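So, here's a batch of structures to check.
The same chain A turns up in both complexes below, where it pairs with chain B and then with chain C.
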Partner chain A sequence: MSFKQKFALAILGVAVVASLGAGYLVQSSYSEQFRDAISAPPSARFWLGTDELGRDRFARLLYGTRVSMLLAPAAALLATLIAGLIGGAAGYLGGRWERMITAGVDLFLSLPWLFLLLAVRALLPLNTSPVMSVMITFLLLGCLGWAGPARIIRAGTRTLVNSDFLVQASASGVSRWRLFWRHLLPNLRPVLLAQFWISIPLFILSEANLGLLGLGVSEPLPSWGAMLRDLENYSAVLQNPWMLAPAVLLVAVVGCLQLLLGTEERGVSC
Partner chain B sequence: MLSLLLRQARRILLTVLLGGLLGATLVRLGPGFGVDERELDNRLSADSQQAIRMERAKENNIALFYVRYLGGFLHGDFGFSRSLNRPVAELLKERLPLTLESLGYGVFGGASMGLVLALLTVWWRAPGSDLVPALLSGLCLAAPAAIIALVLLWIGVASRWAIALVVFPHVYRYAKNQLIATSQSPHVVAAEAKGLSSWRVLWAHVFTPAAPQLAALAGISVSLAFGASIPIEVICDTPGVGQLAWRAAMDRDLPMLVTITVLVALMTLVVNSLADLALAAWKNNTVPPAAGSAPA
Partner chain C sequence: MLMRCRLTRFTMALMLCGLAAASSASELRFCLRIDPKTFNPLLVEDEASQTVRYLTGGVLIRLNRYTQELEGELATKWKVSENGRRIDFDLRPGVRFSDGTPFTCDDVVYTMRELMDPNLHSPTGDVFRSAPGPVESRCTGSSATGSAGVTVRFPGPVAALAAQFDQVAILSAHSAAKESAVLGPFALGEYKPGAYVLLRRNPNYWKRDANGHPLPYLDAIRLEIQQNRELELLRFRRGELDIVNKLDPEMYDRLSSEMPHAVVDAGPSLDWEIVFFNQVANAPLPEYKRRWFRSDDFRRAISEGIRRDDLVRIVYRGHARAAVGPVSTANRFWLNSALQPPSGSQTAALALLEHAGFRRSGSTLVDRDGNRVEFSMITNAGNKLHERTLALIQQDLARFGIQLNVVTLDFPSLVERISRTFNYEAVLMAITNVDLDPSAQMNIWVSSAANHQWNPNQKTPATPWEAEIDKLMAEQGGSQDRDKRKIYFDRVQQIAADKVPMLFLVNPNALSAVSPNVKNVTPAVLAPQIYWNVEHLQVGNALVSQARNALVNQR
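Entry: the complex of A and B
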């Protein structure tokens, strides 16, 4: 691991620990309103000041980080599972099945990601409870983000299917089901893990875009996307530059993730 | 070449069919389907209201509904926007040129910037020479399109450059890797050993052979740019298709949203297909036949 990657890991570690320990680091909750300190500047009491409703910005940032950093991996896990099933089945079954599934995946990939996300999000209720809105947002990201990884997993499966040990296992009379679960899937683990990690920054960015458009996590629950909406008020940002903290943290975390995963070297094409 | 052309045409046709079906399904499942506000009009007699109900009942037949929807779609009838109370085709005709213009500038600007910086990085091989472009592309890659749009809005730069900054890092990193890989091939080493100038080697022996692979980026860039156009147009208040899609999502205007999605998918597919065809044509014209298959 290079120095840059160690540094990125340290920043990510601090962000994760701080978000998980939010309850110990800040006294107030993310939704508690201090009516005596509306739009207050940073102080010893409120490290990043308060918003126009008197809520502690630092508390909201920590809890928002928790939401984004816990649920983006959850969505990535869901997307990887779906991709593993679909891509794995395509590569394992081969022939007509593979052609059909690959055509479906290609078609799905040709639909523009954010447009599709908006269409499906609009179909679901927009006036849901905050917790439900979090679930819907990240479930959608997970359910719609499988196509890219599925292609790579299919290619990985095809390589494995033609490998000597699988041919030998098949010749020894191992059933197709057992072959898939005991021999193929464990060997696909590195590909699945890589796809899982690569999806996380993509989902964090998608949630941020959705949140900024007002289609992400509902108030009063904080998320990076929802907190970025404050930045639309340019004059307020000029007077209170600490309002940029969520944006800076978001860019830093996604940048560190990409540095760690090496996607910044390859260029992400999702 | 012909088989590739047929394959691309089949892919586009399939997208129209499946996109239309997806659209019809979403419209049917969406809230408000099957409800006609004229039924609440007390001035209409019972017979008139019954006639309206009969008219709507035809749409309850799912197969017929799909066929009608697809037929309308193929004839340019994209439905009616409930939120803006206008035909979707009319709205698209108004807004599409603006988005396409932004996309054109953005994709061209981003791709040019990425290619030039990648060429400079490969040409100037000193350690740390790629520090500034790498930092800039890393920053653009890690920032959501909406943040890039906001920053440009604050400093008074046109929104089309936000699209360029979204496209740039992808082109830069891919082009850099491709050019570095090509610059390490034996023919480049031989050209350098023969004393050709570094610019000539870079242009004729590194960039030109890698150009078709770089051209394939056009499809991805257009797809990226369309995706980025939604937050960018919303933040910059640009009356384009991206902003229209966002308004449709906020107002739950599914017919409009689905039509926009399918049309954008189609445009992306067409650009992708053109890039694939150009690449295939270039390969046909330049790749010599294998040694074994050469005529005696």
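Entry: the complex of A and C
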């Protein structure tokens, strides 16, 4: 691991630890409105000032980081598992199964997923707590984000299925089940891991996009997406540059994930 | 001497024409959010078409947006009689359509016939359909004296009959191209879908200013089609636009810090921000929640508990007024001045909740059966003002132990829930109100109406107070005595304050931006706030243009 990657890991570690220990780092709750201190500048009381409803920006940033950093990997894991299952099955079974599954994946990719997400979101029960609502949002993202990785995993599986060692194992009479678990899956691990790492920033950004449309995490729970909406008011940003903190953190986290991904990709080539 | 005078006038004319030709024509530029759906003034429904109709249509009677009084335009006099069934107009003589066709009583008769044609389904005509039966229009007056008049008789009484003619643009009975022959200050010049609508000065417009100069002063109006508010603001800053007719408080504050002389806060508008609870009998709600929402005390407690002053200060940045009821403080005549906005007092709200059988259980509020008080409130996604309002209400209600779940939905889903499936608990929404007269609110207050939002389309009124409102609205609608109508509608406002079927939160201010280049602007709270007196507006070199027009007319 290079110095850059160690540095990236350290930043990610600090972000995760700070978000998990938010209760110890900040005194106020992310939802408490200090209506006498609207849009306040940074101070000893509010390290990053307050937002337009008088809520502590630093508290919201830490809790928002917790939401995005915990749920995005969970959604990425779900998407990678579904992609592994479907893409792996297509590549392993081959023939008409492969053609059928590939056509299904292509069809899924052609769907306007944003509208699908909006429609599904609109059908959810109204009395869902904000925490449940954010979990459902990421669950939906995970359920909808498998198709792209599935194609890559199918291609990877197909290459492995045609490789000499698998042909030899198959010719030696190894059962299909054992062939899959013992020989195929361990060799697919680098591809799966790469897809997992790629999906995390993708889901973080997707939630941010939904937040920009006002359809992400519901009030009063903070998320990066909801906080990025404040940047629409660019003149306020120029006057209060600390409003950029969520954007800086988002860029830093996505950048660090990309750096770490470099390690995984090298792992694949090794 | 006469020869010299003519020579001087001719030289002046040449000079002014040259000057005018050297400079570009005076043009007012502002944005429409969408393309106008129609240029037929009788079929107007959307805001963009309304704008075009306002700028091009000539009407018999116009509501002065500033004084809030009716003024004669194409009608010099009018008289309402037979308890609102009949109106007689004296028509202005010597008026011509933009294509040169003379304006006669035939045009009014033709317009009324078209307006009431059931096959046309004119939304403007709906307000005149007070009872089944034909509408009779006929010319009156004598050609010998040169006085022309029209009598229109309706099958039933029409509430605020004269005021309804503010929306009726008169069509030409004799012109070949009916949509392009207009009596308003401007006529349709060019339309490029998705790009702009260009309105050109009507050379035959009848109005003149105090000095006898023909109006309008402007040569043209360019309505740019622009949906993106940020781009609109950017173009205004660059000087590419002269007016932004509606600003939200955040944009207003941004602009006021950069261009303090360009922003206009005309005070509270007629619009409402409201919350209402679902009281529909067959709505898919648990029975205990239906009981809460139907409880007067519960609704009043929620209304009392919302701190409207904070909404005004924080969400609207001071550019709104705490609402007292269905009539804005901007509506000088119809407001029931005895009403006060709810206090936002925690004690008063808790007392009401206790009276309704609610009690605190730890940090939460429960009803008499022990059900935790938790409900959702929906609003349209992407509306920052609504999202912030809900965040404040959420904290206000949390003081009483009420859990409010905020749900933002895309607009079609929201409409589906509140008007078809009734699968919602409470909703926050904005109502745009453009009419001063309470008859315009008939479709909200009458229990059988589809827009009686909290419990629409009732066969018989569900509560005694809704029955009383039905009766009062019918009485005010049927009377032509303004003071009597005021008494009836004051009572409606009082019932609305006591029973709180809708929680009136704030009346947002009418905020606009006007370039310093535009002269004679008199902002009003009624739409269209900035250009209601469009014929008097001047932009940049409008004075040169005005002089040129004067000379052209003289010659």
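By our rule, the second predicted complex is superposed on the first by the 225 of 270 C-alpha atoms of A that agree within 3 Å, B and C clash if a C-alpha of one lies under 4 Å from a C-alpha of the other, contacts with A are read in each partner's own complex, and residues count from 1 in each chain.
Please note the rule applied: a contact is a pair of C-beta atoms (placed from the backbone, for glycine too) under 8 Å apart; a residue touches a chain by one contact, two chains touch by 3 or more.
Small disclaimer: the values here were computed from a predicted structure and weren't measured.
Trainee: For A:219, is the partner it touches chain B (first), chain C (second), both, or none of the two (neither)?
Mentor: Once the two structures are laid over each other on A, A:219 reaches chain C alone.
Trainee: Using the touch definition from the top, say if A:130 reaches chain B (first), chain C (second), both or neither.
Mentor: A:130 sits against chain C, while chain B stays out of touch.
Trainee: In the overlay, answer first, second, both or neither for which of chain B and chain C A:2 touches.
Mentor: In the superposition, A:2 touches no partner, neither chain B nor chain C.
Trainee: Is chain A touched at more residues by chain B or by chain C?
Mentor: Greater contact footprint in residues on chain A: B.
Trainee: Between chain B (first) and chain C (second), which does A:172 come into contact with in this model arrangement: first, second, both, or neither?
Mentor: Neither: A:172 stays clear of chain B and chain C.
Trainee: Using the superposition on chain A described above, determine whether A:233 touches chain B (first), chain C (second), both, or neither.
Mentor: second
Trainee: Which of the two partners, first being chain B and second being chain C, lies in contact with A:122: first, second, both, or neither?
Mentor: both
Trainee: Scan A:53 for contacts with chain B and chain C and give back first, second, both or neither.
Mentor: In the superposition, A:53 touches chain C alone.
Trainee: After lining up the shared chain so the two structures overlap, which partner does A:35 touch, if you call chain B first and chain C second: first, second, both or neither?
Mentor: second
Trainee: Identify the overlap between the chain B-contacting and the chain C-contacting residues of chain A.
Mentor: 118, 121-122, 126, 213-215, 232
Trainee: Spell out the residues on chain A that touch chain C in their complex, using ranges where they run on.
Mentor: 31-33, 35, 38, 52-54, 118, 121-122, 126-130, 213-215, 218-220, 229, 232-233, 235-236
Trainee: In their complex, what parts of chain B are in touch with chain A?
Mentor: So the residues of chain B touching chain A come out as 11, 14-15, 18-19, 26, 29-30, 134, 137-139, 141-147, 150, 153-154, 169-170, 172-174, 177, 220, 223, 226-228, 230-231, 234-235, 245-246, 248-250, 252-254, 257-258, 260-261, 264-265, 268-269, 272.
Trainee: What residues on chain C touch chain A, complex-wise?
Mentor: 230, 250, 254, 257-258, 310, 313-314, 374-376, 378, 381-384, 387-388, 390-392, 394-395, 405-410, 413, 423-425
Trainee: Could you pull out which chain A residues touch chain B in their complex?
Mentor: 103, 106-107, 110-116, 118-119, 121-123, 126, 201, 205, 208-209, 212-215, 228, 231-232, 234, 237, 247, 250-252, 254-255, 258-259, 264-269
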